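Shared between the two complexes below is chain A, which has chain B as its partner in the first and chain C in the second.
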Partner chain A sequence: MRSLVRARSLVLGLVLGPVLGCDRPPEVVKPGAPSTLSPSHGVVLEDTTPKQDVRLLPAEAYMRSYLQLFGGLAPVDVQARARGADGAQLFDTWDDYLSALGFPDYRNDLPRGTQTNAIMVATFERLGVALCDRALEHDWKAKPAPPPLKERVVFAFDEPAAPADAKAFAPRFDVLHRTFLGYPAELAPPDRVKNFFELYQGVAKRHAAPGVKSRFSPDEAGWAAVCYGLVRHPEFQFY
Partner chain B sequence: MKIATTDATPGATKRVDARAVTWARCPGGDSRIRGAARSSYRAPMASASALLRRHRAPVRATCRALVASAVVLAASPERAATAAPRTIDEYKHFRALSIDLVGRVPTRGEIEAFESKGFDRDAWIEQHLEGPAYADRLTRVYMDLLRLEVGNAIQVNPPATTLRRATLVGPDKKPVYVFYRRGQRRTREETDGDFCLTEAETGLKFTLNNQPPKGTAKPVPKAALDAHTVLVRPWWLYRDFLSLTPSRRYKAEWSDPPAGYAPIDKIVNEPDGAPTVEVRVCREEAQTRDTGTIYASGRAPPPPAPKPPAGSPPAPPPSYPFGRLRPLPVDDGYAKQHKGEPISCRSSLALTMSTDCGCGIGLQYCMPGDGDGDEPRAFSLPGHEPLDFESPLAAGAQTVSSWHKFWWREEAAHFLRRVFGEDRDAREVLTARYTMINGPLAQFYRATSPASCCGKERAFGMQEEKEPLFDPSAVPIALSPHDVDAWQVVSDRGPHASGLLTMPAFLEKFASRRARAAALYGAFLCKSFVAEDLSLTPSTEADLTKRPGCSTCHATLEPLAAYFSRVEETSWTYLPESVFPVREPRCKLNAQGKVPGFCETFYDPSFSDKSSGMLRGAYASAENAVAGPRGVAAAIVRSPEFATCAVERMTSSFLGRPLTGDDDNLVEALTTTFVEKGYRMRPLIGALARSAAYEKANNQRGGAR
Partner chain C sequence: MDTRDTSRRTFLKALSGAAVAAATPLRALTAMAATAAPNDGEFFVFIHAAGGWDVTLWADPRNEKKGLVAPASTENTDTSQVRHWKDAPLDGATRTFEPIRAPRGGQVFGPGIGDLLDMADRLTVVNGLSMNTVSHPDGTAFSATGRHLVGGRAPASSIDTMVANELGREQTFPAVSVQYPSSYVGDDLDRRCVPLVVGSIGTISRTLSRSGIYDSEDDREAVTALLGKEARSLAARSEYPDVMQGMALQYDSLRRMLGSRLQEVFSADGLKKAHPEFKYAARFHGASCVNAAFAVEAMKRNVVRCVSFACGGFDTHASNYRFQAQTQQEMFDMIAALLRTLDATPHPTRASAKLSDHTHILVVSDFCRTPQVNIGGGRDHYPNNSALVVSPRFRGGQVFGKSDPEQLLPLKAKRFSDGERAIAPPDLLATFLAGFGVNARKYMRDGEPVPELLKS
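So, the complex of A and B:
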């Protein structure tokens, strides 16, 4: 309703404005009397150091990291694994993602993408979700038994008794944090563990609600969401 | 609670004994590592499993990096005993180093190694400056700049080396394939310059352009088929095609072909789907000699068609003897004059001027195609290779042209990887006479490249390339066309060879003299051409170094372009001084101010005079034209901007941003290192990776939660 009122006002203004103002004399700004400028409050040296910014992970490095997180497989094998046979449609084909990831196309003279854009970020998201879901299935839900801890690339910890409390969450989160962002969570901004714990709790809670259908248990969904958050984190995509 | 403290990456446990695992074991794939890779993430699809052996590169790269980490750690017995406190900046620097020198983010195990007290950052950097990811990283900088992959506009299917395939109805009324070359001269008049069987025998007329045959196929009489075609065991089916009785057939007795060698099904199967054992080829095409004789039929040219009176209805299409769609070929002046003289069967003229030149033993000098169109297909190639040839994406059927162009790019990439991987003098990128080739490139340089010459050059007496940029005799004999993954160094391509500049990938990507010059100017001198701000006025000045509005750029560009006067545009044919002097008296201007017709392709009337013609492109500097590509390479690497530019390219790439004036001190220091160390990249990148600018390049803003 409010937007409707605003739109009406805009239309009225557009229609009546020129009509009401057409006979108004033009505004004239006369020069004022000379005056001294207010005194300086001290001199600040100009900062001439290079204004460096974060670098986007080269597309090749992104892909190699992705392959490594998938267990060091070849691209076609990762594609087969990520696509799966369960109809989840988590992954299309690498060919569909190359230009979005910023790979150059020498044949068609398309340069490398060195800055993110909406399509690239969406692709990071899609690939990240595929990675986390398949990794969770592999690390925790494989039949007849999940692989031993040392063979897990992503969820390299035992699944805590659901739901995890903050104490159980933190060391496990640290494993994921190191995996994706390359440093201990304790060195991250202060609220990071807390924020991700809230994310975990929120997702787990929503998945526990009656009627929610999911391939994952509430706890698994919570951990998968934490993984999504890290694999899509700017600190993963930049360096 | 259980938490893994080591990498799940194959072979990456802390227990890896660096002394027991050597670099030499990685490339072939350590069996323990391969096994772990398989068991860890076994691909559910059979095809994916089958491809695993082929696509071991990521595993190998991971293995190398992990072993490198282990080696660094091994220097310190107390590693992992106690972790050294690291700052967030140190972690981020290590991550950046890993991304740039290992090619990916560090694993948990590598981070753990970095955290140990014994970690030696400098040793780690030095070790990874010798790894394949480092060479890839630097190669990417120049490949990004030059984009050395040729697009679809360029076709590489010379008639002399492209076997097209007709589908006939055999005597048994079943479809039968017959390979042939377009334009092949034959002693049988009915089929001279055409397909080797007539319409009367096949029911088909072959158009020799991109149209399917016309007519309705009928069974070919066995006698005609036997008389004009032969059965051959071709190179693309037999590993041992050079032997007297080839027996190792693809995917049969030859059970382990290289993974990247993948003829399409239509090339290795008969029309009914059965595996092909022998292919049927027109008899002339199956000949195996290296030198033929010039053929002249003595046929008189047909009389010109009478001119229809004005206003008469359009004349019906002309009819030709024997139901052909094309007239019978007639002998040109050269053939008449030199009838019976020897001719190289590797030149393009052999196809149209001899009847006794074919595709060689096992058809080794020709590429097969799956049809009779302009761009037949033959092999499967990956649509993309975002990482490298060893890590391809899904493959599909590609044309003969795509096959050649694919390997051109690989030649450039392998060449660059060698320069950087072996830490050779970076000036060799432009000056080296060596290159790296594999089987398909060997076949290209033996056959397809020479067959691209000569046409109009013949008027100057050049029947075949006299001074090729890549001397076919330099091609290693041992390289077979199937050897897609066997790369060998060719130490000397020939006297005119000059780094990237004389590779087909560069010469076709930048097809004109000016494009070649401008590409070098930008990529290796970090300069570009910017026009001055003025209005162009009409001008008849042919000399662009003088024409107002053009001279701003062309005063520099034309002399640079002149270095490429001896390499034909859109080609790699070298025009030798002995045949194409800069000043050619035969190409002087006549009374009408024109040069003779045969000269126009090579000599520029605008800069010719009444005493001689001027070689195209050479007008701005005859001296540079004589110096050729090696001359421009020498001029560029001697230029003071070369070293600075190389350093700027690398610094900008590693810092991930354009450089500014504030980076001058860094660039100057790095340039000094680069030059003092003999133009080698390893010391430069080592210094850059340790620089404060690189360490602080990741100036992450706050706010990310």
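So, the complex of A and C:
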């Protein structure tokens, strides 16, 4: 019985062996043309879109920026410079504007202002006008001669001999734009240079009209207005 | 009938019943909103009596020793300057005060009520306000917003912001806040309505004053117009345009403010000259009188919607309690003077109407003071409160709510949708909003209007 089973196994092996490919030659895989990358190897771009709205800088941060921009002075010195001794009434004291600028006022138990309001915007104007006017006086109108470029606080370029045209305006505006907003004007939205040039021209023209009294020449008034616009620009106060 | 079907039907019925019950306050609010009178030309004054006032000296008078209550007496109060103090017997030589029944209105007040006594028919007093706090910051926020502080911050907008957002967006100053606990919280608010928070009214005047030595008004106007344009341009390019759009609106507001030359009128000196009827030399609230004068002048010129300010001096833990009654009297005298001035001032937009016909005043405090006098001769913090409303939309001459005669704690005032309970600040604020057709649910998580307080 056992020998019969062995014989049947041998016959089956002989018959099925070639059929099942035991004697087939080894398969050769030839390199072919590279196929397209599988999805997992695709390039995924980094999502750099902002995930939240811009926020107001803390009051201390933009105050420090003011102090730095207008000569690296202490707050009391900036106050003294902005007030001046010429009765111009450009500024009062920091104390008058603390709550309006968003500083917490612990004496009056007023919390920190984290959002702008119309009074804060008005204070930015009051302060910005004072600082720009004094900076222009320092940079361009100092007696006996204006300081060299590297010692100027804001207007670190030569005042054009005649009212600037668009070509003369652009590089000078770029200096101010980089100073206040921290990047070249050519990277700003396309109309910015044009809009500020129109502002400059409008103010200069207004000051050139007969009967206008101002301590600034038409050109100086135009540049001062550009400075007002940049120091109060939304990009200056938000991040 | 299939039992499973029956139980499902029963469940659905119960569910719909619960939904109706849950929606009742909202529906009540909406119905009230629909019937409210038109609200254009309304003005608002919100006053915060900072520190926590002693309600037993005005709204909830106590002149008997009962339970915890130790009434104000000649031992702990300087009565010489309190005009309505009339001695009544207490203990031997110690005298307390005689409560006063208002000749018009009929309410009973303590001696701190001052000149408002003669105007009691215009006053709506809410007693037994449940504060559930004895912390100054928390009580202050709860009174002004209807919410307790969360992590030290107000989690909701204050009443002046809510009202300004509903009724004041187009005004030059939607909300001016002089040391008032104003907060601006929420996504759906107009950024023009961020309260203009200042330490004093003089700040507004100084902020708006400009020197004409270097530049002209037209120059500054051109700069501000350009900045508005820049803000709109940035908003158009932004994923989240709200802040830049808000800035553009605020630049527009600045142009209006400077264009109307308000700085000349809103200096403290200018206001004092224009309104000599207020007592600027008063000992406790002389400075607040400038705020009241500002409110009148700004409403008369129709440049403001809400004026909010704080009157301090009520936190009398020690012997300074001797002046609590005088402090109250001065504040209520100021409010009475404000009302008289409003009576005499024509409304800026409604012909033949007085300003007082459309001005609404809400006076609140952090909480009240303990019924017992402490060993320092003062009173400490206590989780009960009162509030005062002077508004043509509210029923004058009434006192709503009450407190325990022995412990001065709030008692149940009425049946609200969540059961019988004391009235609380969110209910008062919701009622105030409902009086002007504003759906309080838009701003407030809690609170249910109390129709009994409003004129029908």
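Everything below uses one rule, namely that the second predicted complex is superposed on the first by the 184 of 239 C-alpha atoms of A that agree within 3 Å, B and C clash if a C-alpha of one lies under 4 Å from a C-alpha of the other, contacts with A are read in each partner's own complex, and residues count from 1 in each chain.
Here, a residue touches a chain if its C-beta (ideal position, glycine included) is under 8 Å from a C-beta of that chain, and two chains touch if they have at least 3 such contacts.
The structure presented is a predicted model; accordingly, all values stated were derived computationally and were not measured.
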{"item": "Contacts of A:192 with chain B and chain C, given as first, second, both or neither", "value": "both"}
{"item": "Contacts of A:173 with chain B and chain C, given as first, second, both or neither", "value": "neither"}
{"item": "Chain B versus chain C as contact partner of A:98, first or second or both or neither", "value": "both"}
{"item": "When both partners are placed on the shared chain, which of chain B and chain C touches more of chain A", "value": "B"}
{"item": "First (chain B), second (chain C), both or neither touched by A:223", "value": "neither"}
{"item": "Partner chain(s) touched by A:85 [first = chain B, second = chain C, both, neither]", "value": "first"}
{"item": "Partner chain in contact with A:113 - chain B first, chain C second, else both or neither", "value": "second"}
{"item": "Which of chain B and chain C A:200 touches, first, second, both or neither", "value": "neither"}
{"item": "Which of chain B and chain C A:122 touches, first, second, both or neither", "value": "second"}
{"item": "Chain B versus chain C as contact partner of A:233, first or second or both or neither", "value": "both"}
{"item": "Interface residues of chain A shared between complexes with chain B and chain C", "value": "49-50, 52-55, 98, 108-109, 189, 191-192, 195, 233-235, 238"}
{"item": "List of chain C residues in touch with chain A within their complex", "value": "172-173, 179, 184, 191-192, 194-199, 202-204, 206-211, 213-216, 218-220, 222-224, 226-227, 229-231, 233-234, 237-240, 242-244, 246-247, 250-251, 253-254, 257-258"}
{"item": "Of all residues in chain A, those that touch chain C in their complex", "value": "49-50, 52-55, 88-90, 92, 96-100, 105, 108-110, 113, 115-119, 121-123, 125-126, 129, 133, 189, 191-192, 195-196, 199, 202-203, 206-207, 212, 214-216, 221, 224-225, 228-229, 232-235, 238"}
{"item": "Chain B residues within the chain A interface of the complex", "value": "1-4, 6-10, 13, 36-37, 39-41, 43-45, 47-48, 51-52, 54-59, 61-62, 86-88, 91-92, 94-96, 98-100, 103-108, 111, 136, 140, 143-144, 147-152, 383-384, 386-387, 391-394, 409, 655-657, 660, 662-663, 693, 696-702, 704-705"}
{"item": "Complex contacts: residues of chain A adjacent to chain B", "value": "48-50, 52-61, 63-65, 67-68, 70-77, 79-81, 84-85, 93-95, 98, 103-104, 106-109, 111-112, 114, 138, 147, 149-153, 156-158, 160, 168, 171-172, 175, 178-180, 182-184, 187, 189, 191-192, 195, 233-236, 238-239"}
